[in-house]
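The structure follows.
By written order: A, B and C. Residues from 1 in each chain.
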């Protein structure tokens, strides 16, 4: 299955390992993710005011690229756009919903983008987890994994943009299961967390990191109290906040203990035996000692030992 | 004690402006407070989410000066839970826009320059906090 | 003279002037009696000093151009942009950590890009400006460098940008980082720098320094220019 794919800026910048692990895992289940040949930043957050059309231009411009890939023969009648980042997914889907429902706004955007072909509203924006659940099936993934993650207790952190608002989210916003099912398909043990969809503080990490650190404390402690070894997330901003802000969290809450945070595709790559592609060394809190202890990674003995 | 609220023309005008910008029927709010109990940022706020809604309803423009509207992280928890179907995230966005559209930033870019941050953080913060 | 030539009407800051057809905007403005004190340089499309904006009668588009490279047309409403205010960050290229998101650190406003494409449409060099700003957000120095290579820093993109980005400064920093930390060192340049440092040209420089302006001018006209025959590549 050849699907068009939108990476988003962060997966090309500070979180290259999230993308690499996704690509490697996708290949193992017969999905070829074809990056849009040309794309721009979606805006990360949607404009929410009724009169602001300008900020919907960026996401719609990206959707035009999917049409062009079909027109150029790169894709054969494939309009499902796969997104790995939850924030990009949310923004692209919201703008797409807006213009497919509102012909006047679509027309205005098309008129404004006078250097592009018109967007025809044909693209379907899909989060990679949706593809795994609905197109591949979690039971099929379970059959194909090389290294079952037995004994690893994983707490899914859903965050905001994968679930809310309801018309955009890919699961029940109050009782989501998709990441729990994903964890089970890799034969790890899902662990509940009362704060699994509590906002991590999002963009407050710029200029007010303490606000984030307090929430990081709450979220990680919530997972730990339920016995989790590790947390997974589907949003690169949540990943940054939960992972890189642990240093500040420790400063503000001395009783806090570090916990590794993985992107869901890193966990997947591990289960597919693609640990080299997972890029664990790029995470802020090193997950390697945990994974070695759980016998999911071979211990590399250095020559000095 | 009963408090008497005088709603004048300018208050109505403010309410109408927020309704227009947000596209949300703010007057539908019945002050149940579910938004406040759901809000992950409520503890940082000087006005609760329900309080913000009340202020808009009575046309109290001072809410634009509150810290609370800037603490909203657009997480949409209140949006999902509001029994009257109001998208509160749109209301706080409208209130922030009233300042940002005057070309006034809420963050200082010189402060931002002090740390190497991922694009997703910078893009979202600058969208929300700069005009 | 005017009788033989087709005359056109242009409007300079709102005032109508009749000028001969076929002049560049710069020459037409000068013909009308204005003198460029700032906002004019090489007059050959290289220096980027003569950024100009205009509208044509009956056309809603707000257009941009280099005044020395664009022919004045009948009904043009003209205004010169003598200078585009744009802050350039101070940095020491030696002390930069290229593994960090340097472009975002020095110019965080690039993250305000709304992909409106106005910059690309305003570029007189026809560069994909929006695309190199997008590459800058991703920290892709190589892409920024190659897409912005022909930038002449006229500032028109910067003047038009609704996100208040200073595209040309961002691109210049990217090219400097790419040149310093990523692109291979050109051997002929390394060799020549070595020669300079060893003092191979000291005598010649001293001789030039002592020349009068007139002698210098003569020497400049007579100078030998090294020509590389077509199809040949300079040995590195």
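Methods note: contacts are C-beta pairs under 8 Å (C-beta built on N, C-alpha and C of every residue); 3 or more make two chains touch, one makes a residue touch a chain.
Keep in mind that this is a model prediction, so the values were computed, not measured.
If you compare A-B with B-C, the chain pair joined by more contacting C-beta pairs is A-B. Here A is the chain whose Cα centre lies closest to the centre of all protein Cα atoms. For this pair, chain A with chain C, the centres built from the Cα atoms lie 41 Å apart.
The centroid of the Cα atoms in chain A and the matching centroid in chain B are 27 Å apart. Annotation: 44 Å between the Cα-based centres of chain B and chain C. Shown for chain C are the residues in touch with two or more other chains, namely 101, 111, 137-139. Looking at chain A, residues 9, 13-14, 41, 43, 55 sit in touch with two or more other chains.
Residues of chain B in contact with at least two other chains: 112, 117-119, 122-123, 126-127. Against chain A, the residues of chain B that register as touching in their complex are 20-23, 40-41, 44, 71, 73-77, 79-80, 87, 89-90, 93-94, 97, 107-108, 111-112, 117-129.
By the touch criterion stated above, chain A contacts chain B in their complex at residues 8-10, 13-15, 41, 43-45, 47-52, 55, 85, 87, 160, 163-166, 173-174, 197-199, 201-207, 211, 215, 236-237, 240.
If you check the complex, the residues on chain C that touch chain B are 100-101, 104-106, 108-109, 111-112, 137-139. Here chain B touches chain C in the complex through residues 109, 112-113, 115-119, 122-123, 126-127, 130, going by the rule given at the top.
Residues 9, 12-14, 38-41, 43, 54-55, 57-58, 61, 112-113, 115 of chain A touch chain C in their complex.
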